[in-house]
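In the two complexes that follow, chain A is the common piece, with chain B as its partner first and chain C second.
For the complex of A and B:
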């Protein structure tokens, strides 16, 4: 406890020093100049220059913003139920949230990463990770909907994820918590030496993006915090920061902060891939869900997988090395050339930059500083390219521009620091409001960054907006980084808690964005393709309503013969083929949520009527001037009644 | 010179073949909620949407005000007759040109073709306009919205034959399209053929050849 108190005193002391500095620089900047307003002003009817995909953290969703305006365009449900669209409530999307733990309606969404080809953003998909019940999701960037979720077995706190290799060969998911592998009943205090950390390599099919867990590298029981791929010359390697190399299982804030240096783990995944291809690795029983949403059937299916290939890296010579890095490093970032690997020292004031070339030379020379569980540790001095001594405190994450500069967030001193890659000199620093976590430059973790803006995602909001009680949205800040000095342009609130973001130029996605689903491509099992197909069928106590919608009526809109205790499935097909004309469906006493059905799409809502009566349903989306007329009735009779099913429209 | 005129007369009617590929007329409907306007292209053999689902969406909107659905090709005799008429006129024009080329007939036939084509064109326009009047005013008595003018008469939704009108929330623009422009160029070529042919009649050219005399005998 004494250690902890000292640490807090030091941090507070430094915090005061830096906040006074910040106040000064704020004064010298004066009020925001009118040019800042012009830079973020996107006139009515005009469109933004960049898309920004911000992680929604504990909202479980991904949010889509425009830059430089900071306007919110969409919230994409991924790991959480979402009444707005019915995601996770509709029969079609419930399977998307299936796991080996059953239906899990929530997760903590982190670290969006856009697919790449040759190290450049290609705008096909965006990948995100569920941190809590480990999952990786793939979101389509033509429909902006979740298409696939794969659970990650043997993992816990899926945090050093979901980063992709430079041709989207793999999306990589590393465990934050080490756990018994396989899981078993054992004393917690026997952690050391017994727990394992799984780094999972999930392949992405180039044509349709389908995910497959190819292999898991079972690492020593450290915490694997963040990761990034090698690119260019270092393509084929993946780098992970570690903390808790002490292997503590309790009071980690002290016990995992004892070692002067932890490691960056450098994994040569090409070597391991080859090893597995040649039959290496151990097949281990596992239990994990693989959920796929099909755009043509508009339906998700969940499959349980029963096996995974695990690899002991000590069995694959040359596949894994540890690079000593001070001091519980958090972010692990690789510059656009692939030459430098940055360890953001979290509890250190400095950034440690390793050189990929030096690393290769050290490996070649076999200059090791011992080993950890049989994994060679390289000498710190041999791999070190330089240290950024910024004077800030609590570096967390680094992004890059296209002019050889890097930008690092400092959580404790609450600032973004710009520095020169190669010379390590600090060029500029700007305060953030307050306590910045991640930052994002569009393409800033690829071979080709678009270095015009940086978005800082702050953890603490305090007084930045009108107060809304104890709970507030987090706040992001936009800086112009086109000049030598950064310029703060804009504050905007974000939803949930953003843990990283990804951005790209608008033109990469805008023209591919789908406007409607084609009705003639709709292969949903319960679709009502022609209005004459609308009907109601009974199968035991299940009632299937094949219903279509078009402005502004349901077909059919009067249904009789439903009984208390029935399970009524409303399969709604939207016959519109016009952009931005969804119809919704809701019925009194609906135990799930409304569903919002896009043009050409079919969605199903389950209704279990509990009371006798005549119950209305209506369209939830203001679809036309006659939206209020878009309604109907279901007559619910007693369970023992013998009224036949009938349905009608306009009779 | 008569050969040159005849070649023009052969080429001119061939421009009408463009009507089988390109629309004759185009009507665009823009509105605040349709920043990308809906549009229909009118071909000699039917009406098609500018974008794939435009016809369906125009019909969907029109049902509010009680307009019938846009006709399918089989629902209007014009869409089966027009291609035959155009085809016939192309064959006739080329034939006249060829006969002119071999100096079997006079240049006046060129003008004759042009006049006939113009009459057919005007009749076509008249028919088209009559259909639009019917389509725009013959409304479902149970229409959802029954709008009237200040004097109590029902609002007409007839699209303009040519130009722009504001119709409720829609800006409707109706203009000739590629096919019509090609037809126009082709018809102008036949007029040119006539004048070139006529010039060939001048005494200095007639002095060089006896044929114009023969041609002249063909005339009254």
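For the complex of A and C:
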């Protein structure tokens, strides 16, 4: 019996050996593998060639990686509370998460896009969208902090977002779900013909990046899935994929796949912009939050906006056309020249490529194939540039290199397919592990891609890493695309679920990255600029502690006179002026989170003591050899005590 | 058992009534004598605890010659210019009061958290620093502390003497550091 078992084992082992041999022959050989290691190896003390910003999906945050190493540098909190820094917990950052639904501490962050000038990455800001409670955020690429969040009214499932026009004139946010506009109480089954899809154009001030919702185009009640701007010759247009042109409200899995073709909507935003500038559009009451973080006061403020301009596109001739596109297209990508618009029909094997020139000619010739709710539908054959017959299944997204090639992910067949723009021939295909969603080439959706690497972001991980229970981090794969054939170099885990990413050469950002906040520039209302200003003040049951930190003590570090029931605001100013010397603040029973205070910054943590006693606080960031000494005590007396406030250090 | 409350009671009176002060002092003195008489029992009344340290050799002045026992903060070295951007500073005989007051502003904001005037705090007091250090050394310590505490022998010893508490680089400009130096001359 035992021998038989051995035999089976041996045969099984041989089987594995042979099958892996087969795989090996398709992949690179041993020598090439070692060169793959060299290609991703960034030696200790050396730095990566590219930044990659991967969306965190349901983590609500944005992650920063280095390429080619795949090392994680930072998680930037955007739409979700983040105890690591205190974002969304500190008094200064709570307003950033304010919405018309109140304080919403979470969102589903999808599509990062780096600001551009003349269609090239300029590295000033990165924009991301909150999918669930529709919001757009602007993140500074000098502080790597969220500076602004604007809510998008009349939108639901803010998915065809947050893509920018080629001079960052607008960041565009399209709705996935169509909804009643304005929202009202009505039967769901009266969706068809009554719901609307809002495409929002949010302007970006060139000097400081401030966002303003300029206008919303109210579209027929389809689902608007993804979008990208025209560039170069097609600058001034924006392209959106649609699905559910059936306008189903239930069982979309079946009901939204009835039509052979849905549309790519081509929006001439310059025409609509002009229309609005000349007083066109309808002012509609709305309710949306606009939250701005000021770098000098280190404080966010939230204001509620009450009005939005909506535009009925049928009232603006020439502003909107539908390009028939097969099989519920998902990704909508525009090549670096701006000539080709790629519709990734996710239920298809093929890619549909539309020609911008042909589209203009068809519009000129008024070759329409009817209309949908008054919007002209162009004839499919008249706008079609070509079809990529890939042989893959489930195309989702396409990016471009700087040599005239495109790279498309296929979700169902788990691969990246490289094809030639213009001839539509497939050049190469490589498997991904597994079920790839988005992919990213630094600058790969701009006029100037940096075609050295592509990152594939996969939805399913399974056996790629040591198992960690039922939940696994998603996996990304890095391919070298500098040659004719793609070469798989590296797997690395990603946090949350990356939906798209944006990347750029390291030198675009590294030298502008802020090292400290200058104490001189600190205009926080509760800053403790000089150590002599450190004090404690009472205002009713509010106690304000003006506290400063430097390696390695708090000033003051002994506080008495606090009472049960007080609201104690610790305003911590970090007096360090040296790179990478934050101090943290935590106190027992802190119902919010610790806060991490950057050099020169002031942050506030609210503490509501519930028990009489003498309670310690300490620095959470190992700041020096005497970090463990960086601590203090707060004496909390009964609510009716008459002990006066007092504070001290070293007495 | 009841001695402690007594003590606090007496002290409260002292604080209130100066005229009674001498009388009370006498009484306290007597009580103190009594306490000493109590011997071991007195030990238990002390707050906290103390560790009896063996007296070190250096505290017997006769037994060892005056070798390297001077604390780094008290050592005098008027030739070492330290390491950093500052290689030469000329001090005018007259103190530039305007510069010194700018220096005080900078000092109060950027340095006071660790360096108090006239007393050792986290770091040494700056009083009389130019009697012990060259102006260049002082400015380099302000402007380039990371390298100084690693490579300058004096700064290295200071780091040890001050408990490993690092001299923070507060990002002063050379001009600001020079102003702080001028302020030190007024102390």
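Quick notes on this structure:
One rule holds in what follows: the second predicted complex is superposed on the first by the 619 of 651 C-alpha atoms of A that agree within 3 Å, B and C clash if a C-alpha of one lies under 4 Å from a C-alpha of the other, contacts with A are read in each partner's own complex, and residues count from 1 in each chain.
The definition used in the following text is that contacts are C-beta pairs under 8 Å (C-beta built on N, C-alpha and C of every residue); 3 or more make two chains touch, one makes a residue touch a chain.
Remember, it's a predicted structure, so these values are computed and weren't measured experimentally.
Placing chain B and chain C on a common chain A by superposition gives a clash between them. Of the two partner chains placed by superposition, chain B and chain C are both touched by A:626. Touched residues of chain A were counted for both chain B and chain C, and C has more of them. Contacts of A:155 after superposition: neither chain B nor chain C is touched. In the superposition on chain A, A:268 makes contact with neither chain B nor chain C.
In the superposed pair of complexes, A:592 makes contact with neither chain B nor chain C.
By the touch criterion defined above, A:650 lies against chain C but remains apart from chain B after alignment on the C-alpha atoms of chain A.
With both structures placed on the common chain, the touch criterion links A:548 to chain C but leaves chain B unconnected.
Of 8-16, 98-106, 116-124 or 170-178, the segment of chain B whose C-alpha atoms clash with chain C in the superposed model is 170-178. 516, 550-551, 576-578, 624-626 are the residues of chain A that lie in the contact sets of both chain B and chain C, per the superposition on chain A. Contact residues of chain A toward chain B in the complex are 516, 550-551, 576-579, 624-626. On the chain C side of its complex with chain A, the touching residues are 108-110, 112-114, 121-122, 163-166, 168-172.
Chain B makes touch with chain A in their complex at residues 36, 52-53, 56-57, 60, 64, 144-145.
Interface residues of chain A facing chain C in the complex, by the touch rule stated above, are 516, 518-519, 529-532, 548, 550-553, 555, 575-578, 581, 624-626, 650.
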